[in-house]
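Here subunit A shows up in two complexes: once beside subunit B, once beside subunit C.
And now, the complex of A and B:
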């Protein structure tokens, strides 16, 4: 073999290894979810879909799924408008301290989940004492925490979509007599749409799969799906859990494919 | 229009900045087994954490794992990022989605996948036994190696996407010019591609290093009970130990060490290549 060929093989081989490491665990989970025997072993004794029924019958997973879905949806509905408004202000107004504000809004991404989670837990306990109402292990408490996750993603993605846009289109509309609200509704908003759609996708998924920030904020009877899966996995991995994980994988895949029809994901990330 | 930033800003102040200040205040309190927490202003918790050989070891393990994983991820991610960035066919969009997808699936799901692959009854051991290469299963799970593999798989997509974004901005012609002028592939990589991609390398390494330092799920599920990293240690103090001041101090040590090292690292690499 010529040296150039060897190099090409090495390059392509290393790329294949990299993608194998990234994809192997995801594929593995989907494969064992249809194994017939309860104790995972290879080769499988046969294939079945009964673990999906079994998983749904387990309260912790069914309710965990419902809670995670609810929290992710509410956090996205609250966080994306807030983040979009902030991105608009950062990109289109002349306020001072833009860099500092930007850092503040991206802060939730920079502080480690476990650290922010413990801080929030302490804060909730203190606040519960003041207002004499439960916050930890309530839907409101979880949604508030997860809104925190959605803001940096939204600010980042919507800012990026605004930064690439020419202000002159908005100025032209205003010069032609459009009122500010009309300019926003007919010009600015359509231009921001890809950023907002991508932000909603990322916000929902980030919230749905979050573990670290959530760990201390759940309680008996109100657990999110990732936390329920973590406590189950500390004992074993079996097809029931793999079935739950596969449902999550498919949900993410569907969301990504649907979003990709509206916005080319390869352009926004 | 400037007021639009207020709702989001206030929310972050209320739910992140204020809780962090409170956590810092708690880290200065004193722990008492009977009353749990006594108001005080003492550095005792920090000193105790720094002097305790157990926590020194936990911090060293965390640092070692984070540095090692960052390096492995960079080496593994660069060729893939280059391939992705230089791809021109209609498959590019699909390749980007395939890279992004595992990242969005979540750490717990992927840790479960590794457990099924590496366990005693797992796919790899079963395959090796089936081929007659080994007679008893290899202990692939619950050690440093399995944690490293798990973390690298989690952070690789971040590295690839960050690097690819920067490599895409480097005109292909610069490489071709260097090659035409007689530069051999390794030389072109070392003297042209790498220096131009350096901002991406730095951004990717900083991001990945921070993620590695804060590993939770991979450490707990793939490391087993004996394996301890900082993030699970912080969590343990709040759940099992009930020693909030000490847990708060551990959290701030983790945060500070991560911050100082990322700033130092970027400054060092930045100076070396800036001429």
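And now, the complex of A and C:
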């Protein structure tokens, strides 16, 4: 074999291995979800869709899904505008201490979810005492916590897309007679759109699949899907969870594909 | 349309000075080029006219109106950016219409003027395309149309040709000049390319390190440069250091006595000789030796070692008829020039 062939072979080989490592768990989950036997083992005793039926029949998953969807949507709607405003300030304004502010805004990514969840839980308890109102186990409390998840992602993605923008397009608009607010509305904002859409998508996914931060903040009847799945796991280990996970994976995949139709995600992320 | 006046314009950034007292008077319908190497302050000057940079001192007047403290949107300048700066999410027609929209021009008139401007740059058939679907040259013409459609008082061009390939550059250069003359636009263009400045502008402003070195027509700058920097930047020039001994007599550092223009006081000076003003003869007793020769098609370029300096000489045209191209490196040659061709410039400060 010529050296060039060897190199190409090695390159393709390592790409294949990388993809295999990344995709193996996902594929395994999907495969297991149609195994017939209750305890996962190889070879499969047969294939069935009964776990999907079971997942559908159990109310906690349907309700968990509804709650997760609601929380993720609200957290995205609140967090993305906040994060976008922060990114604009970081990239375009002349405020002092930008580096410190940036670190602070990205902070939630560095704090382990369980730690942040515990801290939030204790804070909520204290706050409940002060304002004499429930916060833990309420939708508002959950959404507020998840906004924390969406802000760092939004700041990162929108900052990156802002940094890549040609400032002279904004100058051209000003040169043509547009006042600062008009420049922002007609030129800056539309040019930021890919970054904002990507930020919204990733914020939604982050919130939707979050477990650690959420664990202590949910209450009876208001459980998110990941928490519902964890509780189920405490009592039973059967492919029902794999079925639920598969539905979740497909949902996220569809979401990304649809988004990619409007905004080329590969260009932003 | 109006005139453009810069009065003692200064821009400082902390301790460093980007632009040092620039005075300039661009007449109605005139095209003036700011020419200089990068970092000479030409772009800073242009951006102070557009209003993107606030001057530290001095005034900018457009059509007699002091606009020094006005924001860009109130200045009525039309600028073409180096990167074209088209709005990527708007069609060609929407890009061109933007300035008219800002001026609250009615729908019908707007559409008519957009089409007229696009016809002017021969892009009316691409009105519905997005900028990214156009070639570099086409994007450039959209940027031109967008700046021109609002009839700006002053037309500003920031290195408008630097992103085009060499062939297109020549074409667009002529197009811009023709448009500018036809519409009688008061124009300021920034460029680092002397050929661009020489071919397009009525007058050139040569800048270096924030200062204006010389203002004049292409011919004035070429034939009568004020200092060695201008001589070397506008066209090619051989520069020899030395001193004037007597009227018409120049002694180089190496000690050779050369013929130069009369006038000029005795003392340190620099002798400037354009390559095409020197005639080359084979043979001779002097110190000049041919170092290299390059056949360039239209003419042959000779590099001659003269003492410690290397001089460039352009041979006779056409090159095929130039008897000297049979010479070889190392051959003795004689350099001949008229006294008036050897100009005396002040020694570099």
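In the analysis below, the second predicted complex is superposed on the first by the 232 of 269 C-alpha atoms of A that agree within 3 Å, B and C clash if a C-alpha of one lies under 4 Å from a C-alpha of the other, contacts with A are read in each partner's own complex, and residues count from 1 in each chain.
Everything that follows uses one rule, which is that a residue touches a chain if its C-beta (ideal position, glycine included) is under 8 Å from a C-beta of that chain, and two chains touch if they have at least 3 such contacts.
Being a predicted model, the structure only gives us computed values, none of them experimental.
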{"item": "Fit or clash between subunit C and subunit B when superposed on subunit A", "value": "fit"}
{"item": "Touched partner set for A:166, first subunit B, second subunit C, both or neither", "value": "second"}
{"item": "Which of subunit B and subunit C A:123 touches, first, second, both or neither", "value": "first"}
{"item": "Partner chain in contact with A:114 - subunit B first, subunit C second, else both or neither", "value": "first"}
{"item": "First (subunit B), second (subunit C), both or neither touched by A:176", "value": "second"}
{"item": "Contacts of A:83 with subunit B and subunit C, given as first, second, both or neither", "value": "first"}
{"item": "Which superposed partner A:25 touches (first subunit B, second subunit C, both, neither)", "value": "first"}
{"item": "Subunit B versus subunit C as contact partner of A:219, first or second or both or neither", "value": "neither"}
{"item": "Greater residue coverage of subunit A in the superposed arrangement, subunit B or subunit C", "value": "B"}
{"item": "After fitting on chain A: smallest Cα gap, subunit B-subunit C, Å", "value": "17"}
{"item": "Those residues of subunit A which subunit B touches in one complex and subunit C touches in the other", "value": "none"}
{"item": "In the complex with subunit A, residue positions of subunit C that touch it", "value": "50-52, 71-79, 81-83, 85-89, 98-99, 102-103, 143, 146-147, 150"}
{"item": "Residues of subunit A defined as touching subunit B within the complex", "value": "7, 11, 14-15, 17-19, 21-29, 32, 39-43, 82-83, 85-86, 88-90, 92-95, 101, 104-105, 107-108, 110-116, 118-123, 126, 144-145, 147-148, 151, 155, 202, 205, 208-209, 211-212, 215-216, 226, 229-230, 233-234, 237, 241-242, 245, 248-249, 252-253, 256, 260, 264-266, 269"}
{"item": "Subunit A-facing residues of subunit B, complex", "value": "1-5, 7-9, 11-13, 15-20, 22-23, 26, 76-77, 79-80, 83, 92-93, 96-102, 104-117, 119, 121-123, 126-127, 130, 149-150, 152-153, 156-157, 160-161, 185, 210, 213-214, 216-217, 220-221, 231-232, 234-235, 238-239, 244, 247-248, 251-252, 254-255, 258"}
{"item": "Interfacial residue positions of subunit A with respect to subunit C in the complex", "value": "166, 168-169, 171-179, 182, 186-187, 190-191, 193"}
